[in-house]
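By letter and in written order, the chains are A, B, C, D and E; residue numbering begins at 1 in each of them.
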């Protein structure tokens, strides 16, 4: 079905970006002697889709953990919108406008889909427990959050599982709910740790669709770790490749794809 | 959609046969509906399908791990070497030679790689020497693990964890390994490596393997026969080579439409897909 | 059958909740709730006491056809020595019988405390014989509570007197050290003030050692007592398993048993037998002795147990707790007799029973008549004095039985009475209670 | 009947609602987790802006607006907006593939389309080269449409904005256009998916629809308090009448489900009082009920069976307020608490006051099952060409095997050939651009030929046997009414579809489609292993079971002298479900006999020879339009025929 | 079976978010409340109102408090008894020393005292979890009771360390003649002390519990509850979405302790009439923990179901046993039989439904909704 519409996508592939939203500069991370990251640096343009790839153990998740404040960089700086935030705590990072998902799904298993996504609104809520206990003062606030969250539920097409406890959902849907929770935070940067791991083609297509839509419709910058080269090459604007805690390549997908170091360390012969 | 031969056409007798099982979770949620499959001795059999289709549940039904999750097999039977295994505990099954490698690796994070491997030999009663020999055997398949033998499992990479989990299963000297998503979260080179090892294990050690995989392409390349699950039912089965050629499988599971691979950028919001069963 | 009884019980539970219980007794029946405890660490006390109490009531029924034709009936309710369940049992049973419960023996200081206001409101006398709230002796402030025979404080003065006797006179107490090893509960803490007062008066030193429920862990306390404090005497104010434990711990740290003086809740066979040799020589107070030689107890073995209606295994008949139950039975039923003299032969209400108790007087002759000579001391209760002024006796465990080592020792009212007065008046003030007429003890209440 | 000239078109009726019942709910849609509700006054405002938007784009009197999508409030408003401007809405079946749409769009000279989402847009774009007249496409749901930079492809929202602008510039325009509307104007063109050939566009005027609808509201005492679900295709006349026309006239609220998959659940939430459905839905519900009951515990099944027997005995009498014994009444009351009430609750039927089934004959047992539960289901015989109503059953005067009495204002006659013919105020004007077909169907004096064979019974109720052209004779002269037989077979929950043959043959034979839900459930209980539909269909035990069903039918048939000869002698179970995508069924799921004969000719041949096996090889279409080949060998079995009472001579 | 959900559609979020969205449930709750308010006082049975219902309500409230902390926020505590004691002795001292404050206000103040203490003992929860936290809270249990045992001021120097509830009216001096709320005088009944009627005490307890349970429900279905559950289910993920662990955990301790404190105050004032530290010992803390385990973690209703089970089963068994054994079994055997059955019943229910009565109730409800279908 090759119409003008799908060509419209393709012409979009090379996009122009203005400034950097996130600058990682010379970051080192050590765990009791193990060097997880060594002098890694890269910059993410505002509004782009940025992928971090590399073999298992290359330090991709460590990188994400440094960005989201779980790990402290022993050296180097991380600037967000030009401001140094290297030593912020995870909760402060969240309030700055970062949201992330986890490789192994970090949902609140005892809660429903709706409640899980609602928790994402906590950063946006100004209410206190007294008014909540009395309910009526807090009701408008609660309804306003619900309306926002329903928009996300509709966006992610998870209406039918709205009130299902997430523990009972299949893996692919859980991933989607986790994305929903991150979106509920209205982040400026969305960090996704292997959003398509363990998914079949159909689910990967859906997830890719959502990532593109988030990027397009909300202008959210997306930083993702992913192993599926098809996805990475199709949707990223820039890719950084890590191996053994070091950066071995950086650039647009097509450049990275043909880089010899990358092929040797990661892609293998095909 | 060609009508393929009905019976599993692989070498050897069925070592595991699952007959028409139905699984209900929490007493109310029906997950598997009449799933039947046969695993021939020394075969590699792939269980394919979307998330939530029931692959993991099927594996857990065989290894009897369902009860821990409030699930139960309410209908049908599971036969291993001519014996009904429904009433056995998971550890009984390990003793009898059926070991499961769970999805998401599940290593003991605080133990070293070697300690992790040794826990796999827990049920064995054939002496230290034999166990030591098998440890070396595992290291011969996974030289990476030998390098990392003293590393704490929580700090090794995902691929190494996956290898540790498979290695640990091997330590029980199983005749059947139920392998859940071995490729999940692994880099392309590693995926290939793991599947190669699985193949060699199958060929050299005569281990029968039942594999649940999302990575349809890989799974079908390394297995002899495949079952496709949808909504808790087997909707299609056949020789791996046939399935690889099947247009529907190509379209829905391999991402190949006509000649070209579809770009992820051009995915539509709606889907007009054939479902074998509603 | 089981189902039927469950249905019956459910019905009973529902019925007990329905406003008017419709038990129409054909005979005249005087009803007693029995807040028994047969399980838990204090089971020996609960089962022994109510065994004796119920056996005595049964004796009256079997031998005499009750009191002047009024049958004694009772119903047990298991409290497990738990105060909340005690309240529950009390509430469950208080309305049974023609006029409700005649009198309640809570047999637990904790439950007694929880019942003080309830029973007062319900107009049901509470007999806390040898336990409970000491200042309730002041009947003007506590009209419905009867710590009959002797209260804790009285007992404690007797105990100091006994120690004084051992030391060759009260004057010799000067400079002595006494350790008060007590159960950490309202029961255990009750005697701390009176000991402090006496310490000041006689010039001895006292140190209090609390032991947490159930009392199995006393190692630290005994180490401190034996190694550091080195007292001349130890007062053991224990309960249940705390007692044998204390004796064993004492033996372990080498503290002599004969320097340990127990209260009457530490002086039963069940308290010493488990301690074995460690208990030999230990002395405990009592307001009645053990033994089954008393005619009344012999009769109970003969008539009640002979008819297979015993409420306890015959082996335990004559033990301390059993005999305490018998004494409780005697004082209770004697009060009924006295009340019947005033109100006629009928089932008494709580108020009538209280009159009986406030006019209770059991003379030595009457005790003899009852076949209880030596089992209890004479007593006279008044509306102001709910104790009745009973003396205390001390016995020594010889390894197989309790041997009396003293005669009745009178308690020291001069110490106790003002304390009771102060304490009860403070309570009255806090509660806004106006004491019944006559401010001094012993005067008429009107 | 004379219509009030101020209320003689739908736009006039709608705008009047803003005066009469402005704050009552007009339409609801489950969206964002709750039922979004619009009052009549809000609807009027929306329709105004929408109409002005269309006007701004150049939509003029006589223009056609294609409406494509699931039941959505905005699509319904699109119809009203088009009518306001004197245009004609043409609703299309939303699950048609692009090629099917191409014909209608070209045939109806459609210039504007209002569609639901990207899926429909893509279909239209696919055929846009071949549909030169189609100029403007508006879509409701902007999802995925961000990068479609195509001229005249705009969102609904932007259309509304245009409209608001237009409205402020031309405040009197719309009112004038509405007032120009006359009751003789074309209200709507509905394409019927005829069993043969291209679809035909049925032209209905406001007068056609309004008079019929006013009569129907009177007939059933419909009020503005009814609750009704809009879940059937908007292109179908039934939905147009029930969810649009009647709602505007009676003023009741229509609820649109969240999606096709959630209809049953949404229906349970809404609790319609007025419900309309083809027999298929009732069949499906009954099958689901029976299947789910099979999984129940033993004691619940016993209880269910017992009370269903009670309801069979006296339920209908109680519904029709006839006298029933005290014991039965009591048992029915208990049954209502234990079974009927909960059942109606889970089905969403608790509040149903009037329910209709039409479009096809319903199995009498199915029909009576629902009636005996206390649900007032009635049958209706109608056609697009009649604005639906031809005959209808009156409350408390319901026979399971008839279609009731002629509807008020409708004359019905039976021709010499046995064909049912009618004449009514609702009779269509003509088929759009198809005078030959119009002439074939309607006489000059307004009588319409239905093509159905039927007769009136003694009570004056119409009985439909079959299509006139389908009624045939066996070689021995016995009457052969295929649909009659097929409906009998389809009553068995295991049988989803049946096609019978026999005209000009010596005996009757049948194709059977098993019902997957029912049979797979049975298979699981019996431990019958199967991997696919084909395998299940070929299973010998399944054959045995179907054979039993057929023999039971034969036994039934043997009791009736007229049709005793048409017992089914040979049958086979098809390896695939008959599918609308392959043209074997109409979009309303009627069997296209001719196409089935064409596609399965070899199997029919085999049925009438001695072989016990039929080979078939044919092309199938998947849902996304791709084609594939399907090859199968099917077993043919003989069923026992009961020969007592066989027609002599 | 009894559910008729047809026609119950929600057209607004407030309606969808109602505590009981189903009409059937709403009617059920209203009926239960009506019965709870009307029947016991009408029956006049002190046994029903006192040891049965008031006890149930008081411990149900304490269990609810613990459930907020443990079931919702995931912080294990063994300090319930201690926090109840703070409320009990705190309220006692307030009434004793500031008699002009209305009792209801005293309850709130006592709860606030307990909350303050709870916050202090909740501080370790920032660094430790699970068993370790349980041990830390155990320390609070010992420490608090030791204080109340050894500082005579708290019990007004009562020789036995017993605090007994003085006579108090509902609004106290506020409703006295000339007081700011004197129009309330007609309903200003005596609610504590020996002269309070069982009806007054029961109704007051019920009202306090109903109000607090409603507030708790509102809390747990709002952002606070979600933050708690987030911390409980996955603390790292909670942090990453911007939940402040410190604030959230301490708030849970504070609110939980508030509930326990009020329960302690009710225990003294409307249930028993007096209390010593024995009433709030470690066994009490454990008993309340059992209540929420048996009743169901993370369920308001479960707290009360669990309390009902623990509080009512022993007397019920006792009555059963005494009916069963009349003349056949000795009293001791019966008493022990009761214990065996009690323990056995707990084990049975936990084996059948390890997630507690609340979960069992949910399943039953779901079955009733699906009736006659199995799923």
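Methods note: a contact is a pair of C-beta atoms (placed from the backbone, for glycine too) under 8 Å apart; a residue touches a chain by one contact, two chains touch by 3 or more.
Keep in mind it's a predicted model, so treat the numbers as computed, not measured.
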item	value
Minimal step count in the chain contact network, subunit C to subunit D	2
Pair of chains ranked first by number of touching C-beta pairs	C-E
Closest chain to the centre of mass proxy, which here is the mean CA position	E
Chain separated most widely from subunit E, comparing mean CA positions	D
Remotest chain, subunit B as reference, centres from CA atoms	C
Between subunit A and subunit C, centroid-to-centroid distance (C-alpha), Å	74
Distance between the centres, which are taken as Cα means, of subunit E and subunit A, whole angstrom	43
Rounded Å distance between subunit A and subunit D, as computed from the means of their C-alpha atoms	47
Centre distance in Å when subunit D and subunit E are each reduced to the mean of their C-alpha atoms	57
Multi-chain contact sites of subunit A, meaning residues that touch two or more partners	9, 146-147, 209
Where subunit E touches two or more other chains, by residue	12-13, 370, 374-375
Overlap residues in subunit B, where contacts from two or more other chains coincide	29, 269, 273
Of all residues in subunit E, those that touch subunit C in their complex	43-48, 50-52, 55, 96, 149, 156, 159-162, 164, 166-167, 193-195, 272-274, 276, 278-279, 281, 314-316, 318-324, 331-332, 334-336, 338-339
Of all residues in subunit A, those that touch subunit B in their complex	6, 9-10, 13, 31, 34, 54-58, 103-104, 168-173, 194, 197-206, 208-209, 212, 227, 229-231, 234-235, 266-268
Touching residues (chain side subunit B, partner subunit A) in the complex	25-26, 29, 49-52, 103-104, 155-160, 181, 184-190, 192, 214, 216, 252-255, 261-267, 269, 271, 273
Partner subunit A, residues of subunit E touching it in the complex	12-14, 17, 215-216, 218-219, 222-224, 226-227, 229-230, 232-234, 236-245, 251, 255, 298
Partner subunit D, residues of subunit B touching it in the complex	1-3, 6, 19-20, 22, 33-34, 36, 75-76, 227, 233-237, 247, 251, 268-270, 272-274, 276-278
